[in-house]
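As written, the chains take the letters A, B, C and D, and residue 1 is the first residue of each chain.
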Amino acid sequence: MGITVGLFGFGKTGSVVANEIIKSPDCELKWVVRKTKKNEGLYASHLLGHEHDEGRIYSASDTDFEGLYKENRVDVIIDFSSSGSVDEYTGAAKFGTRFVSAISNYEPGDLGRLKELSTQTAVLYSPNITLGINFLIAASKVLQKIAPQADIEIVEEHFRDKKDVSGTALRIAEDLGLDKNKCVNSVRVGGIIGKHEVIFGLQYQTIRLIHESLNRAAFGQGAIYAAQWLMKKKKGLYTMEQALAIKLG
Amino acid sequence: MGITVGLFGFGKTGSVVANEIIKSPDCELKWVVRKTKKNEGLYASHLLGHEHDEGRIYSASDTDFEGLYKENRVDVIIDFSSSGSVDEYTGAAKFGTRFVSAISNYEPGDLGRLKELSTQTAVLYSPNITLGINFLIAASKVLQKIAPQADIEIVEEHFRDKKDVSGTALRIAEDLGLDKNKCVNSVRVGGIIGKHEVIFGLQYQTIRLIHESLNRAAFGQGAIYAAQWLMKKKKGLYTMEQALAIKLG
Amino acid sequence: MGITVGLFGFGKTGSVVANEIIKSPDCELKWVVRKTKKNEGLYASHLLGHEHDEGRIYSASDTDFEGLYKENRVDVIIDFSSSGSVDEYTGAAKFGTRFVSAISNYEPGDLGRLKELSTQTAVLYSPNITLGINFLIAASKVLQKIAPQADIEIVEEHFRDKKDVSGTALRIAEDLGLDKNKCVNSVRVGGIIGKHEVIFGLQYQTIRLIHESLNRAAFGQGAIYAAQWLMKKKKGLYTMEQALAIKLG
Amino acid sequence: MGITVGLFGFGKTGSVVANEIIKSPDCELKWVVRKTKKNEGLYASHLLGHEHDEGRIYSASDTDFEGLYKENRVDVIIDFSSSGSVDEYTGAAKFGTRFVSAISNYEPGDLGRLKELSTQTAVLYSPNITLGINFLIAASKVLQKIAPQADIEIVEEHFRDKKDVSGTALRIAEDLGLDKNKCVNSVRVGGIIGKHEVIFGLQYQTIRLIHESLNRAAFGQGAIYAAQWLMKKKKGLYTMEQALAIKLG
């Protein structure tokens, strides 16, 4: 059969993620919870150009979450909405549901509640849930250990209207113990979807690790990968790096 | 026969330039003027591993410039030393000598004197005298005209100890009318000799123009190219872009 | 008001191009001619998610072209269909319509007919109608003139299922007088939309010109640019390079 | 004190490696064995511009190897010469000497003898002894495990006169189980010292691992790293990947 999934978030990224879940032969999208009332009661599948019914849309403000979690129990809830949603889905844990959160900017309190949740069930949290970015981070850490003398800088490129410095770039800098204010270079031009380059400079050689996003659907594939991996895990808080590392054994 | 050349400067870059002039079948290095007294009276050719005599070394403080310019007249003086040298070689103009200056940071007064010199003879001034960088600048200007809506940023990468922002990158920004403080990103890692990338971002496509230096000898080849081009020119102040453009006709 | 446009082709690329024309404030899409009968009589605008009526769809086999061209006269016909369509639209020339053809693989006879058409009206033909690719070709030619000693190779990257060597890469090789069989390297991996890199290798420096496609909509923007430029031209056969060069004057 | 080293090979790469060993505060170059009689009896240090005596040069044909190994015992012999040298240094094993071989193209028989040698002492063999290339290979294997669905191709770039396909690129292809004839693209232009790029293409993202050589001295640093690591190892045959991995624990 595959994994049954509930999705929080149906915005720019959320809808692309929904589409990936619908297309995946290993997953079934049972429902979607979104903030607004738009398209409430319709199926995400129809809105995304599919003919069959999959992923009924619920509006957060109108939903009896207790009933939803009980009668439409899902194996995994995937969260691409925003910081506060954690409050709405903690109740699903008692039905055995696991959680994958891809929220990029958590309020401290909400992150705390996500951690509490992991004492009841398996929770994976990754603000950058693509396979490629997580490989980039893991490989960068390894290279830094092998070549501690290397100078490291990060260049991240995104579309002109992206305001903040890439959270992923800051995360890489943090994980490598670098000064965030000095080593992250941000390029904002045109319609670049997302490129992250970690440059390791040695005296006689340069090593570059580059990740280029072609489409937001990469997030959906990362979330599905995480959900599948999480199905075999006991309660606890996990990271995407762990999910990827397990395959290296 | 080829062109006879006098060289000012015999430091890190100057000596590599001297070597290129010596190796060129189209040029003869008559003499080198350097600041210090080191190796005074020896031949640059010997110090650079050649067996024949070429490029006798003079120390600036001990040299009778009037005598040098008259008795060891050269077709072109190439300057890779520093801002003030212009005062020492203006006297060569009356013997028909032309000038190629590759000084990167001129004091305003010295630059003024170089301009005065161009009322007597042909002078080419380029702070970035490689063929590639000048092509990069020219091509960037063209692309900006074709696609004025493009966002433009520059990424320059150099060895860890290079202190300032690349003068070349600033020059590109200036030529394109960009805000120098916002659009130039500087990476300083390891032993990168020099890389400049101009990124043009459009909504649906990205264009990158990249120049990578492999060796300082590129400066020597640029200076020789400039010197050869200058031989056919009347008095006036020229740029490397003009020297390159003439071949496009 | 802007330019009125008729479009041939409503496949993968054609529909994206239609969308760009509809979105452009400078153009009005009067009609679309497609091969199949699918969605005949509907508006392209609706199929593309717009609310207003724009771009009525005609099926080639059912259409009275003489009537269409007379009663729904357009300033420019843009062709993203296939080689044979030229036969269907030559009749529009007598109503003063101009033509932009972006067909990548013309049969010799059809290309001949397109050329004949240019004795009656203004025709622009470019198999690679993006602004960026045409800049890449033009800039490459310039650099080759400046640095004839440079070795040149091309690396083109596309999605795994693209079968043939990139026509654009072959065109660049041809324009630069290179051996197509030796200097074009084709990478086929994942979902890369399209990347072309022209590498100029000199002894001491390397120059790279890179074009990356982010979205097929770039073709639509190129076609609109070409159409606008063509409005001021007399009869004759033009290229995209000419359309771009005119702005440099 | 540091490690005492004997070096086989004093050609283009060998002399650069000698220089790195001489410059390293952790190593002392006791002697160099070269094929020809050139500069026999002189010190490598002098030929490389140092003032002190280090690395006396022996000609292979004139040398009493038994005497050399006994009276000028070294901790490690580093081999950058050619396939056959292994015959000349097996005799050093009985004095406790370890071996680092960086020969890129071994004859099968010679490789066999190197393996025999590893039953007596610690031997590390790596045809690509830079830290960066070995990291590239190791990281590529990891990424392939994480993303087995990724398409993989390799682009290697070198100076125009390099004849064969890069042995390093072929090795990467082999290690990843790829078809060497299809997935390695070779660019030969200008003076590029060496660049290897492994491209992983997924449907919605691309990952690139790039290694750029700036100078052959990188080989020397890799060999010193290998020699230091080997000092703590028992007899056996080791690879550079093992030497790097040990630091990850």
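Following the convention adopted for this analysis, a contact is a pair of C-beta atoms (placed from the backbone, for glycine too) under 8 Å apart; a residue touches a chain by one contact, two chains touch by 3 or more.
Remember, it's a predicted structure, so these values are computed and weren't measured experimentally.
Looking at C-D and B-C, the interface holding more C-beta pairs in contact is that of B-C. Using the average of C-alpha coordinates as each chain's centre, D ends up farthest from chain C. For the pair chain A and chain C, the distance between mean C-alpha positions equals 38 Å.
Rounded to whole angstrom, the centroid-to-centroid distance between chain C and chain D, based on C-alpha atoms, equals 51 Å. Rounded to a whole number, the gap between the C-alpha centres of chain B and chain C is 42 angstrom. Among the residues of chain B, those touching two or more other chains are numbered 190-192, 200, 202-206, 214-215. Interface residues of chain C, counted against chain D in their complex, comprise 150-153, 155, 157, 159-160, 185-192, 199-206. Those residues of chain C that touch chain A in the complex are listed here as 190-193, 214-215. Residue ranges of chain B in contact with chain C, taken from their complex: 130-132, 135-136, 138-139, 142-143, 145-147, 200, 202-218, 221, 244, 247-248.
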